[in-house]
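Once you've had a glance at the structure underneath, I'll fire off some questions.
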Amino acid sequence: MGMVGGGPGAFIGNVHRMAAALDGQIELVCGAFSSDPHKSKEAGESLFLDPKRVYANFEEMILTEKSLPESARMDFVSIVTPNHVHFAPTKLALESGFDVICDKPLSFSTEEAEELVKIVSQSGRLFCLTHNYTGYPMVRQAKAMVKAGELGKIRKVVVEYPQGWLSSFLESSGQKQAGWRTDPTKSGKAGCIGDIGTHAENLAEFITGLEIKELAADLSTFVEGRKLDDDGSVLLRFKGGAKGILFASQISIGDENNIRIRVYGEKGGLEWYQLEPNTLIVKSGDGPNQLYRAGTNHAYLSSESHNAARLPAGHPEGFLEAFANLYKEFAQVLRLRNEGKPFQISFPTVEDGLRGMKFIDAVVLSSEKNSAWVSL
Amino acid sequence: MGMVGGGPGAFIGNVHRMAAALDGQIELVCGAFSSDPHKSKEAGESLFLDPKRVYANFEEMILTEKSLPESARMDFVSIVTPNHVHFAPTKLALESGFDVICDKPLSFSTEEAEELVKIVSQSGRLFCLTHNYTGYPMVRQAKAMVKAGELGKIRKVVVEYPQGWLSSFLESSGQKQAGWRTDPTKSGKAGCIGDIGTHAENLAEFITGLEIKELAADLSTFVEGRKLDDDGSVLLRFKGGAKGILFASQISIGDENNIRIRVYGEKGGLEWYQLEPNTLIVKSGDGPNQLYRAGTNHAYLSSESHNAARLPAGHPEGFLEAFANLYKEFAQVLRLRNEGKPFQISFPTVEDGLRGMKFIDAVVLSSEKNSAWVSL
Amino acid sequence: MGMVGGGPGAFIGNVHRMAAALDGQIELVCGAFSSDPHKSKEAGESLFLDPKRVYANFEEMILTEKSLPESARMDFVSIVTPNHVHFAPTKLALESGFDVICDKPLSFSTEEAEELVKIVSQSGRLFCLTHNYTGYPMVRQAKAMVKAGELGKIRKVVVEYPQGWLSSFLESSGQKQAGWRTDPTKSGKAGCIGDIGTHAENLAEFITGLEIKELAADLSTFVEGRKLDDDGSVLLRFKGGAKGILFASQISIGDENNIRIRVYGEKGGLEWYQLEPNTLIVKSGDGPNQLYRAGTNHAYLSSESHNAARLPAGHPEGFLEAFANLYKEFAQVLRLRNEGKPFQISFPTVEDGLRGMKFIDAVVLSSEKNSAWVSL
Amino acid sequence: MGMVGGGPGAFIGNVHRMAAALDGQIELVCGAFSSDPHKSKEAGESLFLDPKRVYANFEEMILTEKSLPESARMDFVSIVTPNHVHFAPTKLALESGFDVICDKPLSFSTEEAEELVKIVSQSGRLFCLTHNYTGYPMVRQAKAMVKAGELGKIRKVVVEYPQGWLSSFLESSGQKQAGWRTDPTKSGKAGCIGDIGTHAENLAEFITGLEIKELAADLSTFVEGRKLDDDGSVLLRFKGGAKGILFASQISIGDENNIRIRVYGEKGGLEWYQLEPNTLIVKSGDGPNQLYRAGTNHAYLSSESHNAARLPAGHPEGFLEAFANLYKEFAQVLRLRNEGKPFQISFPTVEDGLRGMKFIDAVVLSSEKNSAWVSL
């Protein structure tokens, strides 16, 4: 694997590296870790890379690696840059014949996203978008249970993602993460709703298998001087009649990454909360609520859930393990594809990424139209 | 105290009686417990009442008691009937010189509510509306902390009240509670949003001291054959700039009375959950979240919270104790008023009741207008 | 009901009064609330009692009431004094023909307890010991499940009762509760282990139906100057082969009344925690753990649990409601007995009280013998 | 790193590999994964190892690697075999000049353990024992707080490790993990108390810095046919006067790896629970309990805790991350040592391992002597 981005001061780059390393299936062999060649070098050294394969920029990396013999070149590219630098390296990598795994949201704009869908299709390459919350074993369990009809027809979805870290004007302090995420030239047209609202949207659709038909949104910017939204509340209507509420916030002071989802059907309900990710609360109308627990051992869990766990229940797996599941599955699919074998994709794709961008568009438009319903 | 309603099969009548009895300050002395005189008698007997003071209907009760010498008559009237039978006994009681404590929502319609506001004012009598969740010690604590500025300016409120008991077409089974609550001739123009949505609205305004300026709502009726809404999602905008989300649902299968509120300000946040009512989570941006615990003993709690507790922390107080607080405070205020002493009202009033009715109107109107913003 | 003790500054007297009042079945008609006649009068006034029935001491109360016509006298006596004043009023009340409800532990010494067992038996009166934790609906549920064999043969019991309120030398401050509870002339030979350890012992035997055969204990007094133990750890062996651990502590700083019990059998397990008393965690080896929830409505609960609840699930009932269950059941049994009808006793009795005293003896003896095993 | 053990069907071997891989600091370069050379080969292949460095047994591995040029040989040995195969490879590795990281408990017997202490000392090599629970950020935080005196003098420790997986006679089914852990020829003289009781013992001493002075134990074997204890309860007395309770169980049906510790001092208390490892409950006598949350970001956490976290709060880290911390720290210390720089050891050592073996001896002896106090 070769990496684009993730140099000093980056947050998500290191997450991707640990996620890729965990299962011993993927080796980081090269990278263009920063737009500053000196910083890229530094990063490469600290990662024990061959200095020759630490590149000054992504173009150099992709083109040089492409020129290597097949057995010597990187197998795929991991893109972990801010949103505005997703499109170009993804496009170049795909068109150079490399499979790509990329951080979310897919791109800076919906136009870019639509073009990427085409490029993926034309290239025949594989593309994984790291909506990492889909990698949790109990999220897989939830999806499997909905799919199997255990909840009956879905009626209501409540998905939320409150954070508190942007309660103050942190971007004025030089904090790098706050900086680009609140900067419309890097993040795109949305702040909070793009950064974490898309996770909530993706999680709701991933678990329920339902598509949002239309939405009505009210975005806010509470912190003075901030250039993008830092809070958003959205009413949802799904195809097929289910209703929903989605909210995301970065001014929910004292909250961490409190992404939580509740799904209610005619026959049963589910509740999952990322801060205690190994538990899935399963609800029924008649019996007591049940605590399903992630692990490789419980016979009552689905195979989808078992596959996403590494350890028996009682050995908590967390954020990195869930993230690593996407890498592991991506690597498995690549191997099967390379061996000409059939494969199934369980990770989020470029189409999910396009959907996220359309969600951002719809939320922003609805909010501009004083919360009018906007089709997705 | 004399009671109107609360005969065999009633739910809330018994709650009111236990709440009134708990602190040994109030004695039930008479009642018109049912529109069926026979059932009223039966109820009176089981309550050890003097048969002469068990009446066939509320008119008889109020007029007969009024005719008794002052020292012998009931001190006030408690009204625990379904919504459509709030107005008439309240009006008669007030106009007959009795103070009134009445279950929520205030009335069948906003017109009735507006008239009741006038009647209360003209009568000079005291009126308490049993929005019982306001009686919890930690709700009082939350209100006191917001008022004292400990959270800074409020930015965001999330209040929810999911229940699951009406996930099926229960009203067709003859279940009495389901019957009248889903019947527009008894409940009024709203189902879920009137029955429990008003609790959520009241709790949000009670704690924050903010008024909802406008709202955008999406009501649903998920259960086929049901005549009123059984689920509603509402975006809120408060005067002063805070935003909010309110949702109430009776089809959230597996949920009980999961009323929960989260309040986020510039400096801190609060979270309270009725199923664990003795804990208030207090959040700050810098330090760890704190678990404030209800009780008479903790020096860090406000006097408002201490006053609403009976026992030191570790002796859980619940729903009935919170309900009893309204009765206890009502009795205290009556006593002070009767003694000509100054008093402060800490329980919900007829104005809060009118506000609840206007909230129902606005939600229903907004939903009819496809979630357009409607002023409250 | 007439009350002995519970005057100004008392804690448990008020608890008993609220518990007795809650269900509208019991009326406080007289009392000897303090050994100081003036204070007793004061208490009686604040409780709206007929001044003639507020007595200067328990002898006066019991003898005067006995002399009243049957229809006019109190029905039973409630004794809420410190431990050293349990025996005399209980004996006099029983021998005067009154039924008795008494706070725990039963008496100052085992000798007194043994005599009380005899007196109860000879008097033919009913006696209830307020081990109030047995009144919780989910404790009743737990007992019913064990009895029905749902856990299989019991193997292990862990029962604990950590408190923190005596972490400092509070008795030196004049705090009344701390004063008598740490005073061997009032509390008896044990401090913590008598005050709360007996609750733990009783709860374990109540739920499991097992009897402690022998125990090995290690008592400590951590606070300098304290005259009795403030912490104790006990290994348990039950008749039939189950093992257990019991610990009680009053120096567990930051803990409230964190009484918790876990029971493990061959087929299943149970966990209950008083700070969240409406939930019973039910464990099995195969399926997910389940959250049983107290309430009148859940069909999966036992009748014993239903009978101990007043409200449907979601309306938290607490400490006072559990306490009130003992009063309610005591009153029901009295009524049935008076009507010559058959009755079943579900509340703790004088035999349970004697058992508690023997437990105290055994713990103290074992601790003196450096934790040697001592039979109970 | 070269690995001894961890072939097909092993549980802990894979844990060690993932833990070693996570941070990109350690590479698995060789192994003797099974006593069956064929299985060892298989394992090596699946791990992408050079077939020449997949050895038939640990002797071959250690001696062959030793014969390689320094730059080409493995840096250290990881030993992940059952208890009875800890001693021989550890001894050989140390005496061959390799540093060693080894799973717990240290050895099959105390004699072996004492010899290993000597060998480590004589060899001058580094040795890490993977008492993995010490790797959790909030365990480090707890230790740091105790050390800094924030709790005052420690009075009471309650540490427990209930599991339910051996509630039935699983070893008769051929399940490999159950097989060796209940076999006295592989596990040693203790079952449950050796396998998980030592974790509890180690955790208590690690956090508090206190040493167990003496203990009184009651071991049980509940499952018929089982050859070793499956449950144990232990009273503890620490040097300096603190008291404690330790219990471990493998028949606590429905429990996972519910290791939990509570520490109470004169000024404050702590509670940590492995199933929710990112929270540390911090208790005080006066203020509300606080929820300290693991992460790299919270300024209120100690540097020891920060160093053990990889991500800001809200990104749950789990069992593997804690395990990986020991590997990461071991690698750091090796690097510093190799560079001749000063270093500090934060991971458990061979002395801790010897202490664990003595704990096992004392528990078994005390239990044989009917719970007499035995010095450690």
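As written, the chains take the letters A, B, C and D, and residue 1 is the first residue of each chain.
Heads up, the rule we're going with is that a residue touches a chain if its C-beta (ideal position, glycine included) is under 8 Å from a C-beta of that chain, and two chains touch if they have at least 3 such contacts.
Keep in mind it's a predicted model, so treat the numbers as computed, not measured.
> Looking at CA centres, what chain is most distant from subunit D?
Looking at centroid distances, B is the chain farthest away.
> Across the interfaces B-D and A-B, which one involves more C-beta pairs in contact?
A-B
> Provide the C-alpha centroid distance between subunit A and subunit D, rounded to the nearest whole angstrom.
34
> Give, as an integer number of Å, the spacing between the C-alpha centres of subunit D and subunit B.
55
> Just give me the whole-number Å value for how far the CA centre of subunit A lies from that of subunit B.
The mean C-alpha positions of subunit A and subunit B differ by 43 Å.
> Could you pull out the residues of subunit C that touch at least 2 other chains?
255, 289, 293
> When you draw the chains as points and link the ones that touch, which shape shows up: line, ring, star, complete, or other?
Topology of touching chains reads as complete, every chain touching all others.
> Residues of subunit D touching subunit A in their complex?
Answer in residue numbers: 11, 14-15, 17-18, 21-24, 28, 47-48, 163, 165, 255-258, 274-278, 293, 295, 310-321.
> Would you mind writing out the residues of subunit D in touch with subunit C in their complex?
Going through subunit D, the ones touching subunit C are 155-156, 158, 160, 162, 164, 167-168, 216, 218, 220, 222, 231, 233, 235, 237, 243-245, 247, 249, 251-255, 262, 264-269, 283-285, 289, 370-371, 373.
> Which positions of subunit C touch subunit A when the two form their complex?
Contact set of subunit C toward subunit A: 282, 286-293, 298-300.
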